[in-house]
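In the two assemblies presented below, subunit A is common to both, partnered first by subunit B and then by subunit C.
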Partner chain A sequence: MKSLEGDGYKVDFDSGDSSIRLAGSLRLGGLSEYAPISQLLDESLDGRSTLTVDLTGLEFLNSSGIATLSKFVINARNRKDCALTIRGSNAIPWQGKSLNNLKRLMPALELVFD
Partner chain B sequence: MTEDFGHFVDIRPGRDAESLNLSFWPGHLPLKQRWRNNGLSADFLGDYVTTFFPLDDDIPETRHRQAEIRGAVSYIANELLENAMKFHDAGQPEPITILSLDDEQIVFQESNGASADNAAAFRAFIARLREADPGELYLEQLERNALSEDTAGLGYLTMINDYGAELAWRFEAGHDGGYRVITQVTLKL
Partner chain C sequence: MSAPDSAARTAGERTPLMHGLTFRQAAATLLIVLLLGLLAGAIELYSDWKSMRAEIRAQTERTLQLVHGPAAEAAYLFNDQLAAQVVDGLFAYHEMKQVVLRDNFGKVIAQRDREDGAPAGALVHFLFGDITAYGIALKHGSAPTGANDVGRLEVALDAGEIAASFNQRGRVLVAVGLVKALVISALVVLIFYFMITRPLLALHAAITRIDPARPGAWPRPSLRGHQRDELGQIVHSLDELMQAFQRGLEQRDRARDENTRLGAELDVSRRIQQILLPSRAELDAIESLDIATYMEPASEVGGDYYDILSHAGGVRIGIGDVTGHGLESGVVMLMTQSAVRTMLTAREEDMVRVMDVLNSTIYNNVQRMGCGKNLTLALLDYHSLHDGAARGRLRISGQHESVVIVRRDGQVEIIDTDSLGFPIGLIEEVAEFVGEIRLDLHQDDVVVLYTDGITEAADEAHRLYGLERLAGLVAAHHRDSAETIKDAIVADVKRHIGSQTLYDDLTLVILKQR
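After this line comes the complex of A and B, so read on.
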């Protein structure tokens, strides 16, 4: 398990389970501040044929965070070696509005809402 | 001199108008220290509006609607405050966020100072935004950001695409060739 923690958020990458979970509220100031999370997301794709990104506990994500997540999805799309699933929650309003855009970036993405 | 882009709403302190006003002087604290206040203020605005969208246990839809409105207000206010803090020119008057509510819409109004150069770049972005299809421009911007780390305008594009918001801007000539830029975001109810 590899983790990143900051003010109000947590990211856990569980290699054995092939899943990475983002939880809390993420409103970091720009892509440079998102770099460690971006790196962990990209790393979680390495040598893996499936990966689940669990966002069911991510209450808030600002536009820099949306940019970071989109960048990761584009990276996964371009690598073509890992089947990506993103789990969202219907109880968190921003996810119903914004996560569908990721599917437009990567049609093969499996988007599941709890 | 004043220049408008989009439909600018006149916010008048009328008898039935509810509004809330937050003022900041970004220069008083380092940006890094100030940043977490964006989230606190935005969440406060989100919670504040829920008063006007009460829960009714007999109508389950009210719970969903309240959560949707809280989320939308919190997201939009946070983006506007982040922009105000990032782009504010300390030579100009302070950024302010006004949240105005009536039966039909919620209007956010944020103003900040901008240097002549920043104002010109921003005008060019607004011109692109007004000419392009916002859905396509959004995807284009995400693809570009994956290569060049350029996230310009993504906050505005999410407001339009994901929240169905209408945006308008007013540029007022200010001190030393700079401008006071007022951004309005309208959410129809």
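After this line comes the complex of A and C, so read on.
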């Protein structure tokens, strides 16, 4: 279990059940402030055949966050060794279009809307 | 506030002597010590008076007893000489006013009177008048066989003489009391002055010199010897208060500066957004299309973008929305406008290529900015057609809001653009995601482009305006001019928003095939 926590958000990586959960509202200023989260996301792919990214509790993600998430999905796509699942929620407005774009970045990505 | 000002204040508020602490302390101390002294003196005098009376009485009686023998002898023997000796002996006491020795028939054997004594006043009479007369019966013979009365010795004391020494003592008491009161008052005042008044005056002077604009820099007095007592604590508390004021002021100033900066940034952002918009004349010069546009920045300026560029082969129309608000969004919008025009000037017709170069440009610049901004962007390329029923052809590319088309017969077509592109500036390469839709326009067909500020405009109950209502409204007004359709939409959206703040820019482009 590895965690990152900040003002209004929390990121939990559970290597036991191969899942990483982002929750709260992520409004970090700029790409550099997302670096620790980006690093944790990339780390979670290491030596893993499946990974679930749970975004059902992520109420808000700003554009730098979406860019970070896109970069992560492209990374996962390029590695080709990990089956990625992203869980989102229909009740959260930003996720609809953005998660579908992620799916387009990586067609093998399994997108699950609760 | 300036220094001379506070100096004037100090001078103006100088305390008059009579109201000063020192004077009042002196007056109060003097009064109290005098009263206490007076009381103590009165008690002392009273007890003196009592003991003096007792002493005079006892002493006089003792003296009379002492001369009883010779006096009785003189009276018994009618010895005038002896009697005179006894009376003279008694009369030697200067308190004696009168001494009389009588025989047992009341006849005076010997008598002395003092005439020079001043007449006693009423007070003296009151104090000592009742203890001036004494007398003893003179008896001759021994007690067991029975003594015979042989006469009487009487003395009268001079009350004035007794009072004189009492008065003397009283005067000394009053004088000593006065001196004591003065000395104590002076000591108290001095001690108070050095322990309290002077440091208070120093503190007062420091307070009057406080600059209200910079309370933290007040001349904190160092009261020597008072660091640990209440005065030191007052100075310490006052200092903390001043520092708190200072921090508050600085916070206020920072907030004000930040507000000013944000305000200036907003002004610049608003200016950026408006500065490169196509002019009415440019739009009117496009013969094949009736065009109306609208853009209203939100209170916090967003990054809406639209452009209509006429070129030899037709018209290129762009509409987009940069994520976020403020200056950075405005800058990304400016770059987008410039890149779109550059690609047009370079005569690039291939939409995939246009989008890819645009994305690359914006992506790399946004990476430099480190802000992760991206934008939805739809590019439309219009060409007039001169043969056949259709009058124009529209190519649509790029991911943005749906495009609303209302045909001349009122039929509504919604074109989803999600699969036509990818957010610009989000990832390095987008070529593989870019698609293109081609459609023909006939006379009076209406194309409506907008940003999410329109469809996501919320009313008081947070209900969104929505695509459906927009499409319905365009369908209802599709026979009107582009300008009228635009006005109808803006009015309806404004009605929907009501008194709510505008949180996102409103952008609208209406194209109507002539």
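In this section, the second predicted complex is superposed on the first by the 114 of 114 C-alpha atoms of A that agree within 3 Å, B and C clash if a C-alpha of one lies under 4 Å from a C-alpha of the other, contacts with A are read in each partner's own complex, and residues count from 1 in each chain.
In this section, contacts are C-beta pairs under 8 Å (C-beta built on N, C-alpha and C of every residue); 3 or more make two chains touch, one makes a residue touch a chain.
No experiment lies behind these values; they were computed from the predicted model shown.
Visitor: Using the overlay on subunit A, decide if subunit B and subunit C clash or can fit next to each other.
Guide: Subunit B/subunit C on subunit A - steric clash.
Visitor: Using the superposition on chain A described above, determine whether A:74 touches subunit B (first), subunit C (second), both, or neither.
Guide: Touch status of A:74: both partners.
Visitor: In the superposed arrangement, which partner chain does A:82 touch: subunit B (first), subunit C (second), both, or neither?
Guide: Neither partner.
Visitor: Does subunit A have more residues touched by subunit B or by subunit C?
Guide: Between subunit B and subunit C, B touches the greater number of residues in subunit A.
Visitor: Once the shared chain is lined up, is A:65 touching subunit B (first), subunit C (second), both, or neither of them?
Guide: Only subunit C is touched by A:65; subunit B is not.
Visitor: Looking at the overlay, does A:104 come into contact with subunit B only (first), subunit C only (second), both, or neither?
Guide: Both subunit B and subunit C are touched by A:104.
Visitor: For A:31, select first, second, both or neither according to whether it touches subunit B, subunit C, the two together, or no partner.
Guide: Touch status of A:31: both partners.
Visitor: Using the touch definition from the top, say if A:92 reaches subunit B (first), subunit C (second), both or neither.
Guide: In the superposed model, A:92 contacts subunit B only, not subunit C.
Visitor: Jot down the residues of subunit A that show up as touching in both complexes, subunit B in one and subunit C in the other.
Guide: Residues 29-31, 62-64, 66-67, 70-71, 74, 97, 101, 104-105, which sit in both footprints.
Visitor: Hey, which residues of subunit C end up touching subunit A in the complex?
Guide: Per the touch definition, subunit C meets subunit A at residues 323-324, 367, 370-374, 399, 418-419, 422-423, 426-427, 433.
Visitor: For subunit B, which residues are in contact with subunit A within the complex?
Guide: 31-32, 35-36, 38-39, 67-68, 70-72, 74-75, 78-79, 82, 86, 138-139, 142-143, 145-146, 149, 151, 154-155, 158, 161-163
Visitor: Note which residues of subunit A are touching subunit C in the complex, please.
Guide: 29-32, 34, 62-68, 70-71, 74, 97, 100-101, 104-105
Visitor: Where on subunit A is subunit B touching in the complex?
Guide: It is residues 7-8, 25, 27, 29-31, 60, 62-64, 66-67, 70-71, 74-75, 91-94, 97-98, 101, 104-105 of subunit A that touch subunit B.
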